[in-house]
Structure formats: C-alpha cells, structure tokens
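What follows is a group of structures, each given as structure tokens.
There are two complexes below, and they share subunit A, which is joined by subunit B in the first and by subunit C in the second.
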Partner chain A sequence: MKKILSIFLLSTLLFGADNDLRLESRIYYAIAKELTHKIKPQVYMQSNISSIKKFSSNFIIVDKCTKADIIFVTYLKEIQKECEGKIFFGSRHKTLQKEQTIGAFFWQKGRPNILFYKSRLEQYGIELNQHFKKYIDNEK
Partner chain B sequence: MRCFRLLVFSMFLTSLYAQDLDTLLRLYESESELSKKTKDENAGNLIVYTRDDLERMQVETLQDLFKSARYFRYLENRRGEPDPLNADPLIYSSKAIKIYLNNTEIAIPLTGTGIILFGNIEMDFIDHVEIYQGFPSFEFAIEPALVIIKLYTKTPKKDAGSRIKVLVSPNGANKENVYTADISENDIKYFIYANHSDDIRKKHKLEDKTLKRDTHTNHFYASLAKDAYKLEVNALTSKQDQFLGAIPFAVPTDTDKDVNYFSTTFSAQFLKDKSLSFQATYLQQDGQYTAEYSPALPPTIGGYSSYKRSSESRAITTLLKKEYKFTNNDLSIGAQFRHKFFHFNDVVLDNVLFHTTQNYTQEDIYSLMIEDAFSLTKNDLISLSVMTQYYDRNKEMKSESPLQLRLSYIKSKDNFLSKTFLSRQEFVPEPYMTAQAYIGNPELNMEIYKAAIEEFSYTTDHTFSRVTFSYAKINNFLLSTDTGKVENSKEDVNIYTASLEFTYSFKESDELQFQADTIQLKGSDIKLDSTHINYVIRVFNNFGKLNIFNELIVNQGYQGDKIAYDYSLGAKYAINEDLHISVRGNNIFNTGLKRAYLYNVTPTPRTITVPVVEQQFMLSMEYLF
Partner chain C sequence: MKNNTRMLYKNFKWLAVIMFLMSLLSLYVYKNYLSTKEELFNTIKTDLINEKLSLFENFSKHLKQVHNIDNLMHLSHDERYDLETDLALINDKDIEYLYILYKDEQDQFRYLLDTTQDEVERAYPKQLFNAQTDIWQKSYETQHYQLRLQNNLQTLWITVAYPIVHNNKVMAVLGADFTYDVYYQLIQHLNPLEDLFFYITVFMSMLFILSYFLLYLYYKINKKTYLDPLTKIYNRQYLHEFIKQKSLQNYHLMLMDIDHFKRVNDNYGHDVGDDVLIAVINELKIHLREDDLIVRFGGEEFLIFISTDSSLNIEDVAQRLRSAVEELSIKTTTHIVNITISLGVNPHPYKARDIDEAIKICDEQLYIAKNKGRNRVVIFQDTNAKYSTTHNRITDIQEALNKERILCALQPIIETSTMKIMKYEVLMRMEDREGNIIYPDAFLPFIKNTSLYISLTKIILDKSIRILQKNKYALSINLDLQDILNKDIIALFKELFEEHKDLAQRITIEILEHEEINDFEHIQKNLHLFQSLGFKIALDDFGSGYANFSYLVYLNLDIIKIDGSLIRNIDKNSAAQKVVKSILFYCKSMNIVAVAEQVETKEEFETLLDLQIQYLQGYYLGRPKLEKKA
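So, the complex of A and B:
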C-alpha cells in the first residue's frame, strides 16, 4: 500500500497539508545553500515556484535578479543578460539547454531528479559536498 | 502543540539533510503521489492504488485490481465481457459501477457504464486508481452509482519523457505500448499514448464446438492542456470473441463483436480560485455482433443459423459546478445535462434483414446536485447531498424523476478515522433493459437502494487497520426471466457486507497486506441467494534492484462448496533507472475462481464452468527515454 509507510505516516502527522510543497522547498533550499554557501540565500524568481513562494522562510526573496545570490528559472527566456555571472538553477529539464544554468531540479520519467553539469560547476568554481556528488553528470 | 510539531519537523528535516539527500527526495516523491491531491475521503469508502502500488503489483490490466478489490471479484458475463457484479445469467449486472478516466465518465449509453468495454483496460497509461464504494458522492456523477472507479492518467508534469513497453506470453498474448509527454516552453502540456494488445485465452471445447474469449484491442489516449483548459481524446477499437454469445439456447460455432469507441472532453476552470468548473464530453460507440450456429437453432427459437446485429450510440454530457468555501463549510452546486442516443439496427438472420421496433432511441437527463460539507469541529465533518434527475424519453416512454439523498459523518481523532454513510438512491433502468426489442421491458420501474455503511480505520507507525460493514435493501431489483426478458423482482433484495483489512510495513519497502470480506445477498429469487467470502494475502519484498510480489486470493461461495485459490507471483528487476524487466504469473496453479455459464436452456439447462482469470505467464520489458 505504501512504500515507506512509516516515513509517510510520520511526515503526515508532522507536516500536515502541502507536504510535497514543503519538501520541495526544502530541497531547493538544500541546493541553494550548497551553491551559495549562505544560510539564508537571496533568491530571485521571475515565474513563481509555488513551493518556494509558499514555504519561503529559509530564503530572502528579492525583486531583482541583480540582488540575488541564486536565480531559479522555469523558462529559458528568464535567463537575462543583465544577470549573467549569477548562479542560475532550473526547475525544468529544458532550462539546462542554456549553458548559464548550472543544474536543475525537475520531474522526468515519473521521478524527481537533481542534475548538475560538471563543466558548468567548474566554470563557476563551485565544488559540491559529497551528498551531491551522485547528482553531477557530464554534459551530453 | 503546533509549535512543537514544527520544531520536530524542522529537526527531522535537518537530520534528513545531514544524512541523505536521497531520503529527502524519496520522501518528496512519496508525498507527491497524485492520489494525495485527487482523493476525497468524504466521497465514499475509498480504496486507493497509488502509482507505487500499481508498479509493485505489476498491474497490467484493470482485472488485476478487480480480482482482489474489497467486495468485488473480476467476473465476466456469458459473452466474455467484464461484469464484476455478474449475478444474473443473462442481463448485464454492472450498470451501477461507473468508470472515469480522469474526471470524464465513460458513460456508454446502452449499458449506462463503460465497464463493459474498459473493465479490463490496460493500465500502462494510468498513474493511480481510486475506487469509491458505498454510494459515492454525487459530485462525481450525473446518475447515481454503487461504485465509482476513477482512473487517473499519468501527467506531463511528472512523466516528461517517453516510455516504450513490450509484454509477451507463451500462449501468444502480447501487449505493446508507448507514451510521450512534455511541457513546452510556452507551458502547453501534452501526453500521448498508444497501445495494441492481443489477449489470447484458452479455448474451450463444448459439443464439438470451440468457444473463444480472445480480445484484440487498439487504444489511443491524448491530452493537451494549457493553464486551466484541457482537451482529452480517448479512442479504442476492439475485436472480441463472444464466448457463449447472447442467446442461451444453443452453443454457437463462432461469435464476434467489433466495437469502435471514441470520446473527447473539454474541461475548464474559471475564477481566481478555480471554483467554477465546466466540462463537455462527446462520446460515441458503434458495435456489431455476429453469431453462427450449426446446426441451426430450433424453429421455436427462430430457426436461423446466422445472426448479425449492429448498434450505434452517442452521448453528449455537459457539467457546470461551483464551489463555495466558507469558514466552516464547503458548498458545491452542480448542474448537468446528458443527451443519449442509442439505436439497435435491424437484425440480419441468415443474411435476410428483419425489421425490429425499438421502444425509444433517445433520452435526455437533466440533473441538479447540491452538497454541503459542514465542519462541526476540526475533527468532525458532516455532509448532506441531494441530487435529482429528470429523464425525458421524448414521450416515447414514461419519464422518470429520481431523487438521491446522502448523509455522511466523518470523525477523525489522532490516528483514528470513522466514516458513516446513509443513502437512498433511485436507479433508472438502462436502455438495454427497456429499449431492446427482445429482452427490453418498457414497463420497468426504478430500483430503489437504501443503505447504511460504517467504516473504522486506525493507523500506527507500521500498521494500517480498517473495518467496514454495511446493509442495503433494494426494492424493484432488476433481473431476467427464463426467456431473457427483464423484470422487477417482486420482493426486496437485502445485501449485507463486512470487511477487515490489515497492513504491516516491516521494512522500508517490505509490506504484508491481509484482507477478508464477505457479501451476502438475500432475495426471493433463488438465483440471487448467495454468500461470498474472499481473502487476500499480499506480500511485497524489495532486495535492492529486485522487487517481488506475492498474492493469494481465496474465494468461497461462487461455485458451490468449492473454494478457489488464485496465487500470483511477480518479480521486477531494474537493470538501471530506465530499463526494467518483469516476469509475472497469474493464477499459477490454475486453481482460481471459476464461473458456470448457462447454455441449452431448453429442454434441459446445462452449464459450462471455466476459469474467470486464466493461468497465464508473462514477460515484459519497459524502457524510459
């Protein structure tokens, strides 16, 4: 019935409604913290990512990409020239088509995925800790 | 308390992150199950098969769920068509089980349900399944229902990418399907699926004739969505051997049914809170049935050796619903309209056309629904629903104005949940019972169901327990006479049910499930008197890349004193994240449920007994890209 019943039950009892959004926001936070090395990173989103918008206590949401430590992008068009050099991180696989995006957290093939391109991390001089190593791949 | 929970939650997440991002992702995947968004506990006695359940059970067709679902077995009628409530030897019994694809009811006008065509549909494009038993909420349906089965398709959001699957069986059965899904840069979401399957089954010799139940199906489904608008297309062609055929007077030498089905649905949500929804569905189904007899039927039965008849049906359904949310209550108001057209064409006997009259060819159904769910406290929810319909048969038949009432009370406290449902519903006979020239009876009255249902469930860290029981009384129950004509039973039918379920999760991915249920029918007609008892034991085990599934189903009371044991075993191995290989055996010892079907009604009735779910072994491979 449930793959991990105990974890599910624990999470249901603890989290209440919108558990998925809460956890999604937590995963974005883990990524943002790792990429920026900031406890409370400044985040910019042109298109709102609902989980971050709803559970934003770990972030400082800014209104301009120039003020941000990390920019979460949903569409390719959101990668703006004025903010080149900032860390762009995608919420869809397609956003990896632009080389400014160093990684993405997205659903594909029925499962959630985290993917960082090694060359892009190197370009930004970012080294991820061991928990993230398995999510690093070479660009195809 | 709330603050304490948040503190524990925060500590829990911090600890998770420190240990393993994988665990966080797995938890997120589990919490993102679509069923958590779509299920409605207030809507009935609910059984949910999540995507994870379907994958671990290696569910290939809806039959795999039906055969073990609480209170139901997978049964077929004498024509080899899915008929889970099959009780009567002649007429179709499962009209009160409604089947939905997402939010669209597959309402085939002639039978009133799509179960007859989709009751054994392949499940490769389905994300999860919800089964609402016990007179479900009126929010779903334009007409009343005993059971609602909702199949939810996979979504572009979660299933972006493509998958191809191939299944083969030593008996020649096979299935091939492919789907692709994505979200474009301008936010257009699409999902496209196509399937071909040959369900080859054992042939049975009877009176020097060979009876077949093979089905060859081509199926296509596609959805296109942007913002709050969605368009869906569902098309299916089926060519089926019809086993004993429609007529119980002789054994046919050959039977065939060809069906073409098509439906399209447009749905939209309006207002900022999406509280106003609209849906329009067009559906059509054409079919042709043929049967050959050698020697020809006796003169008293018609004296022909070849029977051919086609039918056509169309339905248009529109739905408008508004939801209001107040401090302590949620109010839903809905208006629906359905136009049904159905026509049995003239019958062709030995290549000669015979004109037949049909009692009526169309029906308009107007339906109004109001449901208010009121929170007495944060743990107590009481809900009252009223639905009324008006069936207009264009003065060719008497009009009907049924009324449906439903009261529910749900109480939750910590890990405990109780549900109480009281309902009274009136079912209008379907066109195949009233309009068909031979068995149809235009004088039929509505069936009236009165039911009381109770459910208790209790959850702990590693266990889930549930008990349900119910009583229902049916006035004017519909059944067939010896000549096949449909009539209302003169005396009431009483139905008693009880079930017990227990789930124990003993490792992260290992689980034991037990279920026992019984359903007892008491009626004046001897055909209906029965007591069925079913047991299901299911075990899931995970060994890294290997998932094992074991299931034993025990059925008692379906075939006299004989007890049926259906043991199934499946193993699924992940070669990598994108390539999986599976083997599965159904009814491995060929000791599963059998069903007796009537033939040669006169002069001496005889029966043939055959397995409902046959022994079958399958090998499948799926590749995601």
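So, the complex of A and C:
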C-alpha cells in the first residue's frame, strides 16, 4: 500500500515538475511571440534552457544566432558580432546588465518574474501589448 | 450442514455490521484527527504571525526614528546597508525572505530593502517587483497587514504584507515570506500518527468491503442451493428460509400435483416430462402475482403460497390455476401433451402448529382431489376440522385407541362361480368422541412413522385373528407399501402369526401404494417373507396410479384387485372392458387371481360376470359392515 502511495506521489511530483517546465516554456513562447510577432519564432539559446529544450514544439530552435529571430541569453559573455541588432532576452536578472538585453524572465524568491526595460524596448521599436505593460520598468 | 451454513451466514452478517461500524468509527477518528491537525496549524500560524507582527511593528517604529520616512525612495548605499542590517535582525529561520517594497509614482512596486543574502535571489535596489497577488495593494489601501497562503509556490508557506504607516499614510510595505520549515517539522512529528489513522481506516474499510463481498458470495451460492435447476423456481430447502422471513398469516397455501405425470415420463420419456414440468410452471407463473411464491416440493408436487388479499377468493385462484393448465397444450420437441393438475388448498395455514402441519392439511385435500378423479381443487373447510385437522389429532387417536374406539368394518368379496362370500376385506375406522365414524384417510397420515401407527396395526391384526377364530371365511387386510418395508410391522406379523400359520393362510395382505417402487428387490424379499408365514399377497388398485404391469413382472403376487376406475361404468365403456379382459387373460396365464372392486351397479356386475372374473367386491354386492362393539 505504502509502495503504491509512494509511486503515486513520485509520479505526481514528476508530472508536477514537468508542469512547471511546461509553464515556463509557455511564458518564454508568449514573450518570444510578442517580441518577434512570429507564430513559430526561431530561437537561439546561448546555453540550454531546459524548459524550452523539453517543450520546444512552439519554437524552431536554431544552432546559429544569425538564423534566430530572438536570442535567449544566460550569461554576460559576448555574442558573435554578426548577431548584434537581434533581439536579446535574458533568462537571469543579471543579463539585463548587457545593453542589448531588452528584458528577462527569471525566478526570484520562489516567484517567476518578467521584466522589460522601457528604454531598450523603445530602442528596438517594440511596443508590447496590454498584458505585458505591467512588466515594463518605466525608469529603465 | 444446514445449521453450519446458517451459523456462517449469521456470523457474516454480524461481521459485516461490526466492520461497517468500525469503518465508520475509524473514519470519524481519522477525520477528527485531520481537523485537529488543521486547527493546530492554524493556531501555530496565528501565533507565529502575531509574534512576527510585533517585530515588524518595532521595526516600523525604528525606521521612523532613524530615517526620514518621507524620503525612503532616496536612500544612499550606506543608509540602505544599515537599514538592511537592522531589518535582518528580526529575520530568523521561520522567514525565508524579508524585504521592503515601496510604490513609485507610477504605482509600480519596487524593492527598497532586501535582506536576502543569496545573489540570485536578492533583488537590486529599486528593482521592479512583479506583484502577483493583491495583498500589497490591499495593505496600502487598508493600512492593515494582509496574509496569503502561497499554494502555488513550492518553497513558501505564507506571505505577509505589513504596511509601514506614517501620518496615516502607507510609506512602504514590509514583505515576509514564511518558509515551510515549521510546517514540515510539525508534519514530520504528526505523520506517523496520521499514517496510523490512515492505515487503520483503510484496513477497516477493506475488511468492511471484504465482509460484504463474503456476504454477497454467500447469497449467490445460497441462491443456487435454493433454486431447482430444472424449473428455476425455489426448491424445498428454501421453505425453511422463507418461513423464517415471512409469516404464514400473509398467505394461503396450496399443494399442487401434476395428474398422471408418471405416465408422461413412461410414455414419452423423461425429456418430455421435463418439458411438461417447465411448461406447467411457466403457465402458473403467468397467473401468480409477484408476492406469491411457488416451490418445487417433490418430483411433480409444488407448494404455492398465495399472498392474502381481502378481495381474493382462494378457490377462484386455485380454479384459475387448474383450468389454465387444463387448457394448456404443451408443445415439446417431439409431442404435444395435455395435462391436468390437482390442488389441495389450505386457506389458513397459520392456524396449523407449524408449516409441516399446514402442508399436511394441503396434502390431505390433494389426496381427496386425486381420489375424486383428479383435475380438481379441494379446499380445506375449517368446519370439518375435527375430521381432518386439529391440534390434538394425535391425542384424539390415542384416546380412541385407549377407549377401544378403533373399529373394523368388513366388506364382503364374492366368488362369482358360487355367488358366495369367500372373504371379507377388513377396513379400519375410528369413532370420535361424538360417535362420528372417521375414515382412515383422515387420521392415518398423521401418525405414519409413529409408534401409534404400529399400535393401530396391532389392534386390527388382533381383531382379525379373533374374527378368523370365530368364523370360517378368509380376510383381506390392507397394508401400505411402506409397511412391507417397516421392520416393526414385520416383527408384529411374525409375533402374531408365527404360531398361527393356519390363520395366516386365511389372510390376504392387500398392498396399497402411493408412490413409485424403485427397489423391487427389497420389496420382493419382504413379500416372500410374508408369503413364507402363510399370507397371500394381493396388489390393490391395479391399473391406476403407480400399480401397473411392471409390478406383475417383478413381484410374485397371488391376487390383483382391479382398480375401481376401470370397473366404474364398465358396462358402457368398451375400452375398459378390453383392458379388464386383457388383465384377466394375463392373470390366468400367470395363475394370479383377479378381483374387481367398486362394483356398484347391476349392469357393472353383469358385465363383469360376462368377462368371467373370479371375485367381485363393491357396494352392489355388500357395503362394509361395522363390527359390533363389545
């Protein structure tokens, strides 16, 4: 009985973890779609983002940043020069230190956070729809 | 075996009830435990939060003292560091994250202070805060602290938003995210107990389900035990269960017998016989109501319980059943068979001492119905109770025996060649207290297999001996087929006649039987024993019911008595004449003496004389005469 219960709990946790990744992938997709205006945006990841990797059906993952509509950055290290001018979006808050990064999605204090810098959005000429307005930091 | 099954059933029933109560009890305890646990958590939560709230209040006062509260948004790096150090002092293991937010001019929440040490988790000064719940806004609006259980966040338990108020204006909100640690610690202590209650409840519930499953299995098996496999109606074994559950007061009782069913089996085979049984039952079911019950009581005998109803006339019901079967044309695989039924009805079975007596009353009426020619209904009349049923019937017979009210009636048997009486048939009668003469059919069935039956037999034999000693003629004495097999009866005959072989030679034993013989060997052996004592053996009622030609083949008989059903109206019935003629021919060839009984008219008598029968008996030749009382 206990074994059965344990298996049930374990599978719930596993599926629970999967659900978190699926949710995260959806958030990334909503952001990418909003920023690129593409139904199936081509995505380049500076390093693997597990949620996108696992639930990638909405994306076209490309192996070169030059082919990408949007680049997800994880670190502050430089991206190839050929890719400058592309849309950069961070998966950590720290990535916002990079001038090209127009926003980031990250976990902090157990909560998911989305942040866009207004000045950078303007620089790229991107206007977000109403749903994303509350995530725009007007002072940056 | 039956008692064991009943005991088992009772135990299952009690087990199921006990298990049900135990399951309810354990469920109640488990539920109570859960609500107590919940209450405990709430109390701890309230205490914990209250304790922290007082610390938050102190910090709020401290903040106002050490800093210009109106200028919170413009803290220098050092001021921020100092305040974060102060704020961290009220942090402990119960709080995971402690921070202060403020609202900027565009109503966006931003971090003012954050005591978090981890670099990834720590927010930058003035970092935009994604307010995913409304507690922050509400604390601003209400100036009261707000709580939110963080069900969606895996690491946090509760978040508190505590407003820092100055001059009736909220200047900032202190945020505290409580960890699950307290909760987990408690859970770890309480879990074993919860597990125990849970497993007890599960175990009890499983036992409860198991006991009901066993009960269900018992009913399933029992139903099979109680059902007759051929007709799919209840069998005799079910009677006891039925009587235990129902009162006889709610029913009329009938005993039904299919007329001449043996002939169907003999003539068409048992498969057709089975088809007939099924067809008759199906027909009866159409005419019975849901509350009525039909039980296969014996081979072709069925008990029918008719639910009482003020508008119901039991005789009408019985007649309806009888005529329904009479009109039924049964199409079997090979033949079309027409059949009739006889019914003995006891309208008030509850007046009997028990079900056996109630059935016996039905049986008596059925017997009468059969004797009257079958295909009829005989209803037991309460007014005749003294003749056929009283609670004291056996006592009455015993009293009659003690007071010498058991009598013999002698009916003459005439030899046709001389027209002289050669023999008398000894017929038993009982005189009741009022001097009414009771026929044996009305009292003998009640004392079968009792010592009283042996005593009555002895009286008749004693009287017969005295008659033989006083007269020269011979006597015929009736014995039931079962008597021939009864050791006590055999012993009685041996005792009385071993020393009176001369008298035994003047006695003919007439065998009556009401059921089919299966063990010819045993009967023949006993008949031989009687014949060795000197008795002659006659077969009564030959040509009716069970007494048929196979008996002549298997039993060594001296005399056969041709049944009255063949003799009645023989003068008008040429078929009966032919049958009697062939019987006589057979008897002659086998050296068996033939007697025709129930000769009641001159025409019958003359026809039988023409057929050259040797002996005659019947009202036309002489009615039974009661012996004179001493």
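Here, the second predicted complex is superposed on the first by the 118 of 140 C-alpha atoms of A that agree within 3 Å, B and C clash if a C-alpha of one lies under 4 Å from a C-alpha of the other, contacts with A are read in each partner's own complex, and residues count from 1 in each chain.
Operating definition for what follows: a contact is a pair of C-beta atoms (placed from the backbone, for glycine too) under 8 Å apart; a residue touches a chain by one contact, two chains touch by 3 or more.
Predicted model, so just to flag it, every value in this text is computed and none were measured.
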Q: Spot which of subunit B and subunit C makes contact with more residues of subunit A, would you?
A: B
Q) Just subunit B (first), just subunit C (second), both, or neither: which does A:R92 touch? A) both
Q. Can A:L115 be said to touch subunit B (first), subunit C (second), both, or neither?
A. second
Q.
On the A-aligned overlay, A:L23 touches which partner chain: subunit B = first, subunit C = second, or both, or neither?
A. first
Q) Which of the two partners, first being subunit B and second being subunit C, lies in contact with A:D137: first, second, both, or neither? A) second
Q: Give one of first, second, both or neither to describe whether A:L76 is in contact with subunit B, with subunit C, with both, or with none.
A: first
Q: Mind sorting out which residues of subunit A both subunit B and subunit C touch, each in its own complex?
A: 1, 92-93, 108-112, 114, 134-135
Q: Please name which positions on subunit C make contact with subunit A in the complex.
A: 96-97, 99, 104, 106, 108, 116, 120-121, 123-124, 126-128, 130, 132, 150, 153-156, 177, 199, 202
(Q) Touching residues of subunit A toward subunit B in the complex: what are they? (A) 1-11, 13-16, 19-20, 23-24, 26-27, 30, 75-77, 92-94, 106-112, 114, 131-132, 134-135
(Q) Which stretch or stretches of subunit A touch subunit C in the complex? (A) 1, 92-93, 108-115, 134-135, 137-139
Q: Could you pull out which subunit B residues touch subunit A in their complex?
A: 5, 8-9, 12-13, 17, 20-22, 24-32, 36, 50-53, 56, 154, 157-161, 163, 183, 185, 459-462, 464, 503, 505, 508-509, 511, 513, 577-578, 624
